[in-house]
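The following pair of complexes shares a single chain, chain A, combined with chain B in the former and chain C in the latter.
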Partner chain A sequence: MGTFILRRTGVMLLTAICLTFIVFIMTNLYPNLEKLAKNEGNFRMSDAEVASFLGNRGYTQRKLQNYGEWLGVLPGYVIEGSDGKTRGRCSNHGAIVEDAGRYCGVLQGDWGFSSRFKEPVSKIVITRLALTGKLMFWVLIVMVPGALLIGVMAGMREGSRLDRSLSTGAIVTTATPEYVSGVIFIAIFTSSAVGLKWFKGSATSAMENATFENFLLPVLTIAIYGMGYIARMTRASMAEVMTAQYIRTARLKGVSFANIVLKHALRNALIAPFTVIMLQIPWLLNGVVIVEVLFNFKGFGWVLVQAASNNDIDLLLAVSVVGVVVVLLTQLMSDIGYVFLNPRIRIT
Partner chain B sequence: MQNLTWTGTFGAYIDPFFLTTFSACFIFIVAAAARGFSRTDGPTLINPTPASIALLGPTAVIGLVLWLLSLTGLAPFTMLALGNAWLSFVICLIIGLATGLGLFQISAGLIFKLVQISFYATIGLFLIYLTIGLFVAPETMGIIGAISKQLTPTWIALIITFLVSIKFKRNLGLYGKLFDSPIGMIGLGLVLFWVFTALLGAGFDLIATHDPLGQVSGMKNKHPGIPLRGAEAGDYPYYLFGGDTLARDVFSRAIVGSGIVIVIAPAATIFAFMVGITLGLPAGYFGGRLDTVLSFLSNMVLAFPVILLFFLLVTPEIIESGLPKYLAVILFAFPVIFIGVAQFSKNRLKSNFLFLQFPIMMSIAIWLYLSLVSEANTVISILPPLLDLFDVPSEILVVFVSVVFVNSPTVFRIVRGLTLDVKTRDYVAAAQTRGEGPWYIMLWEILPNVRGPLIVDFCLRIGYATILLGYARLFRFGIGIRKPRLGHNHQCRAQTTFSLSSTRFSTSLLSDEFGLGPQSTGRWSA
Partner chain C sequence: MTQVNNFMHPAAKMYAAEEKAGELDRREFISRATALGVSTVAAYGLLGLDAPAVAGGHAKMGGTIRMQMDVKAMKDPRTHDWTQISIFSAAWLEYLVEYNNDGSFTPMLLSSWEANSDATQYVLKIREGVKWNNGDDFTAEDVARNIIGWCDKSLEGNSMAGRMASLVDDATGLAREGAVVAVDASTVHLNLLQPDITIVPGMADYPAQIVHESFTVETMVSNPIGTGFMLPENLEVGVKASIVRNEGFDWWGYAAGKGGYVDRIEFIDYGSDPATHMAGFEAEEFDLNWESTGEFVELFDSLGLVKTQVASGATIVVRPNQDHAPYDNKMVRQALAMAVDNNVINELGNASLGVAADNCHVGPMHPEHNADVTRAPFDPVKAKELMDASGHGDFEHELRSLDTGFWKDTCDAVAAQLRDAGIKVKRTLMPGSTFWNDWTKFPYSATNWNHRPLGTQVLGLAYRSGEAWNEFAWSNAEFDGLLAEANSLANADKRRL
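Up next, the complex of A and B:
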């Protein structure tokens, strides 16, 4: 077990390094740097001004040099710019600060400085991740049990009326993209057009204090969208397992139907839904952006859009690292879960 | 000129009937759900639910529905509101209990019969709207009738297809079997409706009423059914679904736009599945190093922020560097590999196959592959232009590749998980003992046995691919980002048109899934 976890941690580090390197190269292409410069300076900069802006802030060094600085294995740049000011990476790309260290990278615990928000990246990522984490938590609480219940009830008697009605419901909900269902929810439950002002159309206040009133609609919008998919997968697996020989044997032995479904069939049917549920978690991390924007809930997805549209390199790199950690953790959980669901599976 | 209403002057006479059957259908469905919650009668029932528990069903279902209706403030239900939500909740539950007691005096069969009758009546009346609309002016049957008239080519194509297919269904194999079940026909009908609409509307331009890109001044953000300002003779006099934010006709845009969606979404999903299956099977089956490497790659793609990907893909330097092209070269190779390996592993002992059919098949597949990826004057230009069968426009290729790229690791993970599970079954051990090769076992023993979840995932993923195309548009043109508060009152019009155009979107998804999902899984695993 020890070596297993050690190896998985090693793989996680390697993935993070490779992914951040790719993202680094992509975001450091010249047109993207130009976008960064124009967003930070002003939009009417001439090409020469852009070049000197970037040169003064160390963006035009060799890519590997910059990446090493971000990692913290190379000392941060200190450049005397064409405008006479001396800037340094460790002083947040600004005028040199006395107590700044020589190295300031991830290894030193410094995740860089966001050019969009003018704040340390670590602070942004932690606050926004906590907000989206809250949203994800409630979505999962609503979505997973609901989806499994619908899927099992639909799959246990394939072709029955219950199956047909639940399946139709699941298809309708999952076929409606969240940017449609969100708008419909807002129109019905918050506007004066219909007259039901039960909930709030904005989840801004939920960032500090989530209540039923301001948080239900965003949670529901995402949960309903994802629920149908998991329910359909559960139904498919369940329907297949229910045709197996040992289910018939159990029925002939006189085991009650509820026991057959819960004890004999469910565990064997859960492999595919479990994979899918674990895949929903990385998707939720940045797939919720539409809902976040719709309900004005400034979480992780919103930060990602801001970072991507302003080409905020340090922030994008940190976001990728978070992505890697979440993906690898969920993959680890699903691998361990497989062994629990089917003890004959061997994972190395 | 007057605005078109939804059902027009003649429809106003049918509307009351339609509303009656529609609400009757709703009431009966609630009653059936309440009644069917617990089984207390029936010829074969051995273990009936006790009456005390059986009553919980109607109490909960009817009580909740009444309570929610009372909260909506609809006129007939306001007397239930009582000024206090909790008091009214208790009252509603008591009414539910009483209705439940009454319901159990009626047989379940009768209630289900009533549901059926009211449902068919609703559908029938809707068909009347559509049929009358075919023969009259737009004003008589309103927007619904006018749309039905515009869709005449689709209706004709649908009717011909169905008549021919039903006549020859015994000779049509698996496709013919769809016509044995009503659900199969409904699903196929919905899918074919969009296929024909896309083909005739986008391909032959027989359906759209206006130029999808044409802007008419004064038609910005208008309600459905708005008369066209300054219409000349020969112009269609209405914007059936209203105007969008750039004063273009939403109906025509929906029709023409369906053409590209209906080609790209299924095609991208097929490619993603080929990639996911070809890599996921060996990762799960062999495990070990191979699994580590492949999982490493898939995790990298999964962790790559999708939004950043869309932003990067519009960077001209990335397109010029040929990155989408290289990705296409890699991703598009998988179907060829898949077909080759599948056929080879199954038939490798038949000399006739090995020296005749296999080489022919593979050379055709490779030729198609090369014509797909190769394009003159780009980074990948392998085939001489004479042999190059077709080219894909670069902006479509970019979207296509990114959708495949984003979807394949998910498919990979699902296939890998299922393979890990099925690998431990006895029939796999039997095949190994027989001395079958690993690829034969993977493709002909394991893959057919995991098809249930895969087919369902495939059908749903077509829908997700469509939505992903929508995301790509949202991010590239900034609709969702620049206008965060779409739902507010001052933007009510934008909202109407927006949701309307999206309705088309979602129905198209619904049709894909409805048609293929339940039907094919039911059929194949039966």
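Up next, the complex of A and C:
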């Protein structure tokens, strides 16, 4: 088990390095740098102004040099600019600060400085990840029990009327993307045009003070989308278990239906959905991007959008590292969890 | 708003006569006369009118305003490219001059200004008794230093340099020697290269905030030294920001009747989608929004909101760029203009809320507007003939615009009309993050332009040869000459376009 986790961590590091390198090269293409300069300087700058802006801030050095600085294996640049001011990477690309170190990369625990938000990247990522964590927590609380319940009920009597109606419902919710269901929810439940106004169509105030009223719709929008998929998986797994030999034996022995489902079928039927739920978490990060923008909830997905559209290099790199960690960590958890749920599987 | 100022510029009397003869409208007169240093009271007096009473006698002290607005990162005021940035820093950084919605310019940190008869020399008087919030006195030195800073072309993105062009030495890209002189503690002299009546209006534009000598971009929020009555409390870019009253600071404006009523303003960022703003209004998360455009004006009305509006010259320009073929051909440009009915554009792109423009960038709210100058007639048949005659009849035009709001709707309406006229056109939608990178360089695209007090300011920014914002690649020595002449003090008839 120990070596397995070690190996996985190694893979994670390697993936993170490869991915950040690709992101780094992409964000350092000149048109992207131009965008960065115009966002930071003035978006009506001339080409010559863009060139001097970028040169003064070390963006036009060799790419590997810059990547090395970001990693922290090379000392950060110190450049005397064409305007006479000296700037350094370790002083947040600004005028030299006295106590700035020579190296300031990831290895030194410095994730860089966001050009869009003018704050340390680590602070932004932590704040926003916490907000998304809050959203995800409630999504999982709603989604997982709901999906399992629907799946088990649909799967215990395959082909029954209950199964057909629940399955149809599950397919409809999975087939409705967040940007459709979210807009429909906002229109029906929050607008004066319809007049219900039961909930709030904006989750801005939920960042500080989440209430049932302002937080239900974003949670529901994500949860419903993922719920259908997990329910379908659970149903398939449950239906398969219900046809197994030992269930038939139990029925022949006269065990009540409720006991068969709860005591004999459930545990075996939940192995497959467990993996699905774990794999669904990175997928939810996708949905979070849309829902956070739609409901103006400023979490991780929103940061991703902001970083990408402003070509905020340091922030994008950190965001991709977080992405890699979330994906591989959930995979690791699903693999380990699988061992506990299914004694026939062993990890070596 | 009493101004202790009896200055009377000779041209102001000429303008007053022109106004009486019907050659100038009142708004033009007020703009022109106050830009030269005539006080608002005196300007209205020349017309035989009383200056409008100051609204706000009923305003109460205190309270919090929550406002929907983009919260952007702070930068050097000279490089501000979005008004929203200045709105936040205006809490503690003030202006020399203020532009009001009746078209007049009133003094803020200045107490008055005077222009000589041909507008080549200005005398700026500094308001007495103004203090920085760190206790320093506000002096003529501060004003001179800021104006010299505005002239610095080496600062990337400094748009004030363009407004101060008549003070700048083209060789060095800095203020000319002797152009800005602090004569004594309360007087600054400006010596201009050529007559320029736009210099004071330029000081009222949003990047013209006055900063302390210790100002640095890095510390402007953490150490906010300014003359204003508020202070920044927090700033989370893209999320929210707030400004609060600087308790205990004896702001000059309280005594001068400049307001300063509210205790606290919170700005909340809702992104660029007006549908989200609408949801925010419905959720009662803010009291005031930044702007309402197109169809959302009606939707906001339906929520029972109170609407404030002012006629402005803000407009959208759908233009070809002459550096690209086939738009170097005059017939092609004429054909594009003649194929489009601006009333339809106003209806489809702007929910009929504006006034159709005459394809020139000076509108009825500008002093220089001449109603006799009309557009090339709307004539789709003739347009197609012109296009064919130019030899580009089969050319497929590519019209680029932003992917949302009135930009998209307007260009869709233009493209539809071009197609109706038999001209081939392809639409390309781009997000703001890529569109604004090259907005001046696209062969054929749409740009929104803000209102500016004087028509000649717009013409100078957008149409003068080689100007940074000249998205038309319009380069015409005769036009440049005429514009320079218009910026001197010739009388109204000659100034008309």
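To be clear about the criterion, the second predicted complex is superposed on the first by the 342 of 348 C-alpha atoms of A that agree within 3 Å, B and C clash if a C-alpha of one lies under 4 Å from a C-alpha of the other, contacts with A are read in each partner's own complex, and residues count from 1 in each chain.
Everything that follows uses one rule, which is that a contact is a pair of C-beta atoms (placed from the backbone, for glycine too) under 8 Å apart; a residue touches a chain by one contact, two chains touch by 3 or more.
Because the structure is a prediction, the values reported are computed rather than measured.
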Per-residue contact with chain A, leading partner among chain C and chain B: B
Which of chain B and chain C A:P177 touches, first, second, both or neither: first
Partner chain in contact with A:N214 - chain B first, chain C second, else both or neither: second
Chain B versus chain C as contact partner of A:V326, first or second or both or neither: first
Touching partner for A:V293 - first (chain B), second (chain C), both, neither: both
Partner chain(s) touched by A:G201 [first = chain B, second = chain C, both, neither]: both
Touched partner set for A:S309, first chain B, second chain C, both or neither: both
First, second, both or neither for A:I186, with chain B first and chain C second: both
Which of chain B and chain C A:P31 touches, first, second, both or neither: both
Touching partner for A:F53 - first (chain B), second (chain C), both, neither: second
Shared contact residues on chain A - chain B and chain C: 31, 186, 190-193, 201-202, 293-294, 296, 309
Chain C partner contacts - residues on chain A that touch it in the complex: 31, 34-35, 37-38, 40-46, 49-50, 52-53, 82-83, 94-95, 116-119, 186, 190-193, 197, 200-202, 204-205, 207, 214, 293-296, 298, 302, 306, 309-311
For the chain A and chain B complex, residues of the former touching the latter: 11, 14-15, 18-19, 22-23, 26-27, 29-32, 158-159, 161-162, 164-165, 167-168, 171-172, 174-177, 179-180, 182-184, 186-187, 190-196, 198, 201-202, 228-229, 232-233, 235-237, 239-240, 243, 256, 271-272, 274-276, 279, 282, 286-287, 289-290, 293-294, 296, 301, 304-305, 307-309, 316, 319-320, 323-324, 326-328, 331, 334, 338, 341-342, 344-348
Contact set on chain B toward chain A in their complex: 33, 36, 47, 71-73, 112, 183, 287-288, 291-292, 295-296, 299-300, 302-308, 311-312, 315-318, 410, 413-414, 417-418, 420-421, 423-424, 452-453, 455-457, 460, 463-464, 467, 470-471, 474-475, 480-481, 484-489, 492, 495, 498-499, 502-503, 505-507, 509-510, 513-514, 517-518, 521-522, 525
Complex interface listing, chain C residues touching chain A: 73-75, 79-81, 154-159, 216-218, 236-239, 268, 270-271, 276, 278-280, 282-283, 285, 302-303, 431-434, 436-437, 440, 468-469
